[in-house]
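Next, two complexes with chain A in common: one pairs it with chain B, the other with chain C.
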Partner chain A sequence: MSINLDQAQQTFIVEAREQLQAMEESLLQLETDPGDDDAIGAIFRAAHTIKGSAGLFGLEPIVSFTHIVEDVLDRLRNGSVEVDAGLIAVLLKSSDHMLELINVAANQGGTLPPPALQREVELCQILQEYQAPSPAAAPTPAPETNPSEPGETRLWHISLRFGQDVFRNGMDPLSFLRYLQTLGEIVDIATLTDALPAAEAWDAESCYLGFDIAFRSAASHGAINEVFDFVREDCEIDIVAIDDAAAPQGNTGLVTTSPEPPEENTALVATGELLGDQRKTPRMPAQIATDKQPVTSDSKGKDGTYVRVNADKLDELINLVGELVIASAGASLLARTCHNDPLQEATSSVSGLVEEILDGALRLRMIPIGETFNRFRRVVRDVSQELGKDIDLIISGAETELDKTVVEKIGDPLMHLLRNAMDHGIETAEARLAAGKPAKGHLHLNAYHDSGSIVLEIADDGAGLNRDRILEKAQERGLVPQGASPTDQEIYNLIFEPGFSTAQAVTNLSGRGVGMDVVKRNITLLRGTVDLDSQTGKGTVVRIRLPLTLAIINGFLVGIGQSTYVIPLDMVQECIELSEDDGLASREQGYLDLRGEVLPLVYLRDHFNHEGPPARRQNVVVVRYAELKAGLVVDDLLGEFQTVIKPLGKLFGALRGISGSTILGSGAVALILDVPALLTQIAQAENRFNPTQLQQANAR
Partner chain B sequence: MGAIATTRQTALAVEEEAQYLTFMLGTEMFAIGILCIKEIIEYGNLTVVPMMPAFVRGVINLRGAVVPVVDLSARFGRPNSAISRRSCVVIIEASSADGLAQDIGLLVDTVSAVLEIPASQIEPPPSFGAKIRADFISGMAKVDGKFVIVLEVDRVLSIDEMSQLAEASPNALEVDAP
Partner chain C sequence: MPLHYETTDDTAQVHIDGELTIYTAAELAAQWLPHLGATPRMALDLSQITEMDGAGLQLLLMVQREASRAGTQLSLTGQSKAVTETLALCNLVA
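This part shows the complex of A and B:
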């Protein structure tokens, strides 16, 4: 049972995080359009759901804090509080705080660090201002302000008959009772065992118990009823007020304690609010039902029919599929050597299916980048306020899908680039107006597919990079030798060098020169590249190019002597046979005439120091990466192969030009070429013969 | 618990016999503690990794895992081992500074035997004269009246050191102009 509850709690935590995400999005939506009732409704529902489920798990800190937030939201919903910037700000902070509380709950048994507690108190105070019904009412909701039930607690009789399936539905009756206690005091409780069957008919997973509870609380019928929202469907619940027995307790401890420690403070507000709630229309079951309906239909409409699967299970599956691919390739190879036609046919249909399974399995891991992009709305909003700039974030290509791991790991570098663009790229409103541009700055986040990789673009319409200043700084730091004349592109990319910063002032956000190199390193770790384009006065575009997936690539097998290498198929453009005569001529020149185009050649046999004479007939594989194009000269072309990437390990960390390895159907290991690294390495090596650029090459 | 562990350790160091795998490299015999050895396989099907220092022979497929093979002779600064019918790869679990274990294959000429050598038969390493780096030697064991060099596996197969060597290797930097 406890395991089940743990799992349920995990689900709650995951869902609560999603709810908070949705809440944040709606808040930002509300900020742009203050009259948006749907957004208010969505925010309220998110907070309400979190509170409800948190109560179920007895997560008291979340319940008490969320309750205050929910109350303010309720007032917002019925129009007694107006939407203003301050309110949005405090609600955003509150949602951050709720996230923190949930994270604490997720770590089980952890407590909030003191600064967070401090923040909670501050937030509560601000929220209270919005919560106070009117200036006439005292800040502490004193009992006498409520004419109907002034702080008087009543005695309720609650009769509970839990449904048999309550355990199977992941509910624990005990937690409801625990949550009930937050509303008042359980005076007496009787466990009803009359539904217990005979021992032989007993099913350990069924719940046969009922409870009769005498409950003393100041809460309204609706509020008590709400406690059982989650089990109402299959339980019999009867809540009756025992009016005569109402003990006029007047001042309960909770209401009158002076609000000194933060815990007490929130508790006080919570109780006070319940009074207020009661003053208004008590929330009746029917109303809750209509409340709830849109939530379910909403979320259903949004995420279709999703199955939540543990990421580990998915990874395991993909690993297995990877092995399956290798095994089936091995089987095909064997079948071919057997010269048995039916067998070959059978293996080829198997490998066809395996490929489909592989594609399907890989698609499981693909998630749209949009979620990550949307997170940045908040960042842009906060940072632009902090900087006093008016910046608009435009998002496109949010539906572009890429590997989950990549999405997770690209968040930080993107965040960094965005902050940089906002801090350094986009000018202040005055400077923009002076330059004849609209005062509002624009940031554009875009994602699209391009030749087997995904490209993420961060574009701003700011001042652009100061080419001369970067060059000056670079020369100062010895990154570029005096007198050298690198291209604009090279100069711009210098900002990715470690410790490079041209900012005159170090701000809170950026300018310390730490970061761009980290950004580049993180992207390189994902087997991606980053480059930058800038036009003075018009803005900067940073382009991140990432592989679609990390685990498996389509490879093109080539042979050099006895060794086999894999070239990522996305980069292969075409293959040409190099006849003996051509071979000799181009060997001398180092390039090939490809339909009138100069194609630089890389003799992999020489480059990799393979011994032995080259094959008489050689082949050229034309590869392209971004703007670089080259011909790799190899002995044999061995065809396409689905390649499961196996990392080479730390020992080969310094190895450039080879990104990993894979196991062929024959059981031999083949190395995967890292074409971009290979080409840049060769370009650098050639530059070394050029004395003016010698220093630059070394500096890199 | 702690007490038991300490007694065990001292016992191991002082009198208990430990098992060692002995193998030949050229005409010399070496030994390594058996505890870090996972298996011994026949040499074969090796894929050469280019642009690596001479002591990294290449990688092999060990039941689906790609395992690097280190030529022990080259690691000691001698010429590469000549491959013969009796060449073997000893798979060893090596640890690096960040605590991650990685399997590494050790190419040796011949595997001889598993011996029990009492700690009393192992002498401290000489400070020089063994022709291999002193920190590679854990001790000198006496077996049948001959000295056998017991290797300090963690030092010999230090991934951190070897990857640094790979980085600084002239082989790795040497790029032929096409």
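This part shows the complex of A and C:
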């Protein structure tokens, strides 16, 4: 069939992938709770929808394979097949296979590679065991064990009068008939030509066809009606049950796995799916009305609340909003210098609105991390079976939202960390029992917001890292100077160093380090950080800290001489004044006594080589990032400012301590400080400093 | 040229190559319909049709109707698998 449905087919492919995702989630849900009827219903719906849409696009391989899966699911739904581990496994593999089929369809014209075909055959064989009445199930009454007729069949009269535009809309009436055949048997069909006009008025590209069909099927009115979803606007459809002999009870019982009030259907009509003259409601006793597929109402209702928007458009919008923020900041600044009260008031209310727009626009890009987390359920299940370990994945904070691009890019590093934790972190059941721990290992994925960033935690209750061996290895490789005494934290984080990446020895001794530097690099690219904490025998926690968004930050403006710098506001903890006396003392020591706490100071004036004398009064901005804290010494505090990050050009790529630039309302350029980089620089400087100090001390 | 038309004695031989679908229906109709009624008999060879859809089906139905109106007797000399399948689907085994 060469009907041109490219656009619609793309949508189908995207939706089918989503359906498969949902199916997989429900399967995993079913695995933990085999009695979950909702999950069974959801799985069935997913398979059913995929089959239905694939049929419309003439994607025969998908239809035929999904049909088998659907049959098994149907039997599962009406209770003639029990949920067991084998069934879940084969269904999961089937859903993988369906994904592959869909991917093949997406690369138009491609065919399945031979190994996949081989797998399909194997899967079909396994599925058939569930499909055919097993000897054990023999006592069940015959009509129920016959997979092709799961319920009682009835005769329907379907009358179709296609509209003239059907061909032009890229549809072929015959494909609906073909698809209809998958639901049951076309007993009789009459092709109606009475609508064909006289030869002069006839147009070869208009459709005048009509069909009267006698159709025998166990499918419900809703399911049959669904066949014609794509052509509903162009076609008069009338579906009437002819014989009422079949007991409606049998029928309803089969379909209404998740009973929904009939109002749902009314809601469906209101979404504009139907026109008045298209009689969706069957001329049937009232109870049948309730058996109209809960399926469609579910998914349609969900569709109604979402709008698919191209990500580029969204980026464009956010970029514009960013410019708006800058412009409005400029206007406020001007207004302030005018000393015109009404004008100031006006600009301040505009600024307020702009801020709300900004928040709203940014929120558009925010999606909950949960979807990514849920994907890992399958990974954990598969890997733990592969390794022969019993591992439970606990997910919390799934509703925590972060930027879409960040979510997309964090998937791989997370996957890597999870695999590592399962492979090397969690011990085998025997080892666990020997260590006095429960045989079942636990993996905890958690997400939460913390000081303007999102924190993702991967915690396992495995053996933990071997601190001494890592240190030994690091010294051997010259990553840690001899004689230095790094903290445990620093030692653990050494496994993110490139030198540790592929070292076999590390994998053996601590069970970590495979490609951890890649993980770290990916996270750093997202302006995030990663650190690790471990307790021998208790487990390991990896913490990934990511910015909420990549586009706009709330900044704190500080001035040094004539230059302005922006410090991300989320990292600012407090500001303190540095009096002249204090200034001298702390300048020598390089730190400040902050309420009994040692606060290392960074003199930005020196750091960025500003000329000229420092201001008489200086200020300290206390910044914190992750566990590091420092004071930045600046001349002036200029207040809060919302800024759009403009990335620095390639030329400045090597510049450390600056993460970008922004344009102030006055038109001046301000540099945005890369606080994490600054803090690590300090930490490293200290590390370098310590050993020399030690050596000096030793020399004396 | 998807439609081959030639006349031998009182029979018109119509032979269609390739698709009988929405993409070719209009062109075929323009070539085909005017010939109806020109000869008492028309022999249809549909054995080289690779694909057929609803529009193609409709064209055949149209030809059938117009032919009987114009007094041309249609006969089918060959049909491809695509044609057979489509006709069977619509219960129109000729």
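FYI, the second predicted complex is superposed on the first by the 473 of 700 C-alpha atoms of A that agree within 3 Å, B and C clash if a C-alpha of one lies under 4 Å from a C-alpha of the other, contacts with A are read in each partner's own complex, and residues count from 1 in each chain.
What we mean here is this: a residue touches a chain if its C-beta (ideal position, glycine included) is under 8 Å from a C-beta of that chain, and two chains touch if they have at least 3 such contacts.
As the structure is a prediction and not an experimental result, all values here were calculated from the model.
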Looking at chain A, does chain B or chain C touch a larger number of its residues? B
Using the touch definition from the top, say if A:S563 reaches chain B (first), chain C (second), both or neither. first
Classify the contacts of A:T191 with the two partner chains as first (chain B alone), second (chain C alone), both, or neither. second
Figure out whether A:C207 sits in contact with chain B (first) or chain C (second), or with both, or with neither. second
Once the structures are superposed on A, label A:I663 by its partner contacts, choosing first (chain B), second (chain C), both or neither. first
Touching partner for A:H610 - first (chain B), second (chain C), both, neither: first
Could you say whether A:L671 touches chain B, chain C, both of them, or neither, answering first, second, both or neither? first
Scan A:A199 for contacts with chain B and chain C and give back first, second, both or neither. second
Which chain A residues qualify as touching chain C in the complex? 1-3, 162, 166-167, 172-175, 177-178, 181, 188-191, 193, 196, 199, 202-205, 207-209, 211
Touching residues of chain A toward chain B in the complex: what are they? 323, 326, 563-564, 590, 600-603, 606-610, 646-658, 661, 663, 667-671, 681-682, 685-686, 689
Counting only contacts in the complex, chain C reaches chain A at residues 19, 21-23, 25-26, 28-30, 33, 51, 53-55, 57-59, 61-62, 65-66, 86, 89-92
Contact footprint of chain A on chain B as seen in their complex: 45, 47-52, 56, 58-61, 64-66, 68, 96, 100, 102, 104, 159-160, 162-164, 166-167, 171-172, 174-178
